Amino acid sequence: MIFTYQRTVRFPDTDAAGVVYFANSLSICHEAYEESLRQSGINIKTFFTHPSVAFPIVHANVDFLRPMYCGDDLMISLIPQKISVDKFNIAYEITVNEVMVAKAMTRHVCIDVNSRSKQELPDEIIFWLETNRRDAEGAERRKSREEIM
Amino acid sequence: MIFTYQRTVRFPDTDAAGVVYFANSLSICHEAYEESLRQSGINIKTFFTHPSVAFPIVHANVDFLRPMYCGDDLMISLIPQKISVDKFNIAYEITVNEVMVAKAMTRHVCIDVNSRSKQELPDEIIFWLETNRRDAEGAERRKSREEIM
Amino acid sequence: MIFTYQRTVRFPDTDAAGVVYFANSLSICHEAYEESLRQSGINIKTFFTHPSVAFPIVHANVDFLRPMYCGDDLMISLIPQKISVDKFNIAYEITVNEVMVAKAMTRHVCIDVNSRSKQELPDEIIFWLETNRRDAEGAERRKSREEIM
Amino acid sequence: MIFTYQRTVRFPDTDAAGVVYFANSLSICHEAYEESLRQSGINIKTFFTHPSVAFPIVHANVDFLRPMYCGDDLMISLIPQKISVDKFNIAYEITVNEVMVAKAMTRHVCIDVNSRSKQELPDEIIFWLETNRRDAEGAERRKSREEIM
């Protein structure tokens, strides 16, 4: 199963155009990443509050297909992928009632917070990457089989 | 039962002090209000997206007892109270592991959006106020009985 | 002269009601506080980024008199006041074209960040409090004299 | 001259990692866009508050080169480019002390808000695009000449 995170659009997510403010949709994707880490057994407080090792975002992109409104129930799916010894990507898809409304991607680099120099991904992140990757590949294989039959 | 809303603290809620940014705690309370309206049968999209009748906040206050950290599981309880034909208050309490971390209050006035003049609270809000009020009073009575026994 | 901070309302400040989201008005007040500290000679980066001494907000309140729209030019005036050896308040008034649109207050407590125990206000904050207080009192005296004449 | 917008990093822009939260850097770019529209003579309130014609973002991307800290003075430069009769891009560069810290891009589509169907860019946007484009090209020509000499 691909990891998915359910999130209702709230009033503070919106702007005067009456829809989710574009940059807030990236924050909603980040929430999915946080929840995925938590379900992998990572302590979120330690991970995000003044850690010694961090995973800052060095690139992000997002495509908007349809507007999202206050009260919409979003499903955010997430597939992470290891890129190198010190980098990973996360691909996100946001759907409402099974219709895709946005796609996004973030790239993260592992750094030592004090020196801000790159360092190798630690074991807990390798474990999270492999577990989610395997789950995503399993889901894709099942989907292919269903399409063949 | 008093209405309660569960909410995990997310990274974008925090600031460089490593805790929830003070104004964001009011947004978290507002989310509880939105969820409470939804569970009362109100259409959230219609209610908050360019409505003809709105309930803007004319006063808010908040007291912080302890810091909230990324990953904390917040429980937000909410008790609304009708103040007059066109006004209501909402009292919020935020707890983490049953320890209170913040208390807040918002006051809302019912207005016609085009003229921005006050108008009487509509039926769906009266229903929401009465249901939540009765539930809160029931919870308090039960609590008093338990303390006597 | 009372310290004032000019700030244009931006699109991300707004919500689907088409006006500044209520909690964001407190963030705008906080910006005025930051600018006031900077003009007092305080290093903002050191002050707000993982400091050893911090001034968390323990209480905030705000009253909204009129809506604020995207593009509005806000003037935020700020008067701080020492409350005790380890506490101060800040009173804010937000005006648009000299018409008051909101009033707010924040209360700050000085703490040692590691122990989170209270400690005495440091010299640079005492200096900031006294300078702004004196400026505010001067402005009020001038205003009273003008009203008499 | 390329259009530039000055913006100090404020505390609410930051997260528990002590730097600007990644999605907030896109909001800061959007502020530069708003200021550029205003300086072109466009009424910002009308443009962004429940308009009949809007320019929603259909794509955004951002690269982060260095962290931004509370108190940093950002310079955001902006170059818009017409892509077709109903689309334009905006390229942003954020620098601190003349060192680039982030680059971003947003793509906007012109729509009729009620039908959400595409429509041709209106005159005031064409004027804004041409003025900023010409200014950017002039700046590049001057730079090229200086490099030759």
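Going in written order, the chains are labelled A, B, C and D, and every chain counts its residues from 1.
As a working rule, a residue touches a chain if its C-beta (ideal position, glycine included) is under 8 Å from a C-beta of that chain, and two chains touch if they have at least 3 such contacts.
Not measured: the values here are computed from a predicted model.
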Same vs different contact residues, chain A with chain B, by half of numbers used
same
Rounded Å distance between chain B and chain D, as computed from the means of their C-alpha atoms
36
Which integer distance in Å separates the CA centroid of chain C from that of chain D?
29
Please compute the C-alpha centroid of chain B, do the same for chain C, then give the distance between them in whole Å.
26
In chain C, residues with contacts to at least two other chains
11-12, 14-19, 21, 23, 27, 30, 48-50, 69-70
Arrangement of touching chains [line / ring / star / complete / other]:
complete
Partner chain A, residues of chain B touching it in the complex
8, 10-12, 14, 18, 27, 30-31, 34-35, 38, 43-45, 47-50, 69-72
So in the complex, which bits of chain B are touching chain D?
11-12, 14-19, 21, 23, 50, 69-70
Of chain C, residues touching chain B in the complex:
15-19, 21-24, 26-27, 30, 48-51, 54, 56-64, 67, 106, 113, 116
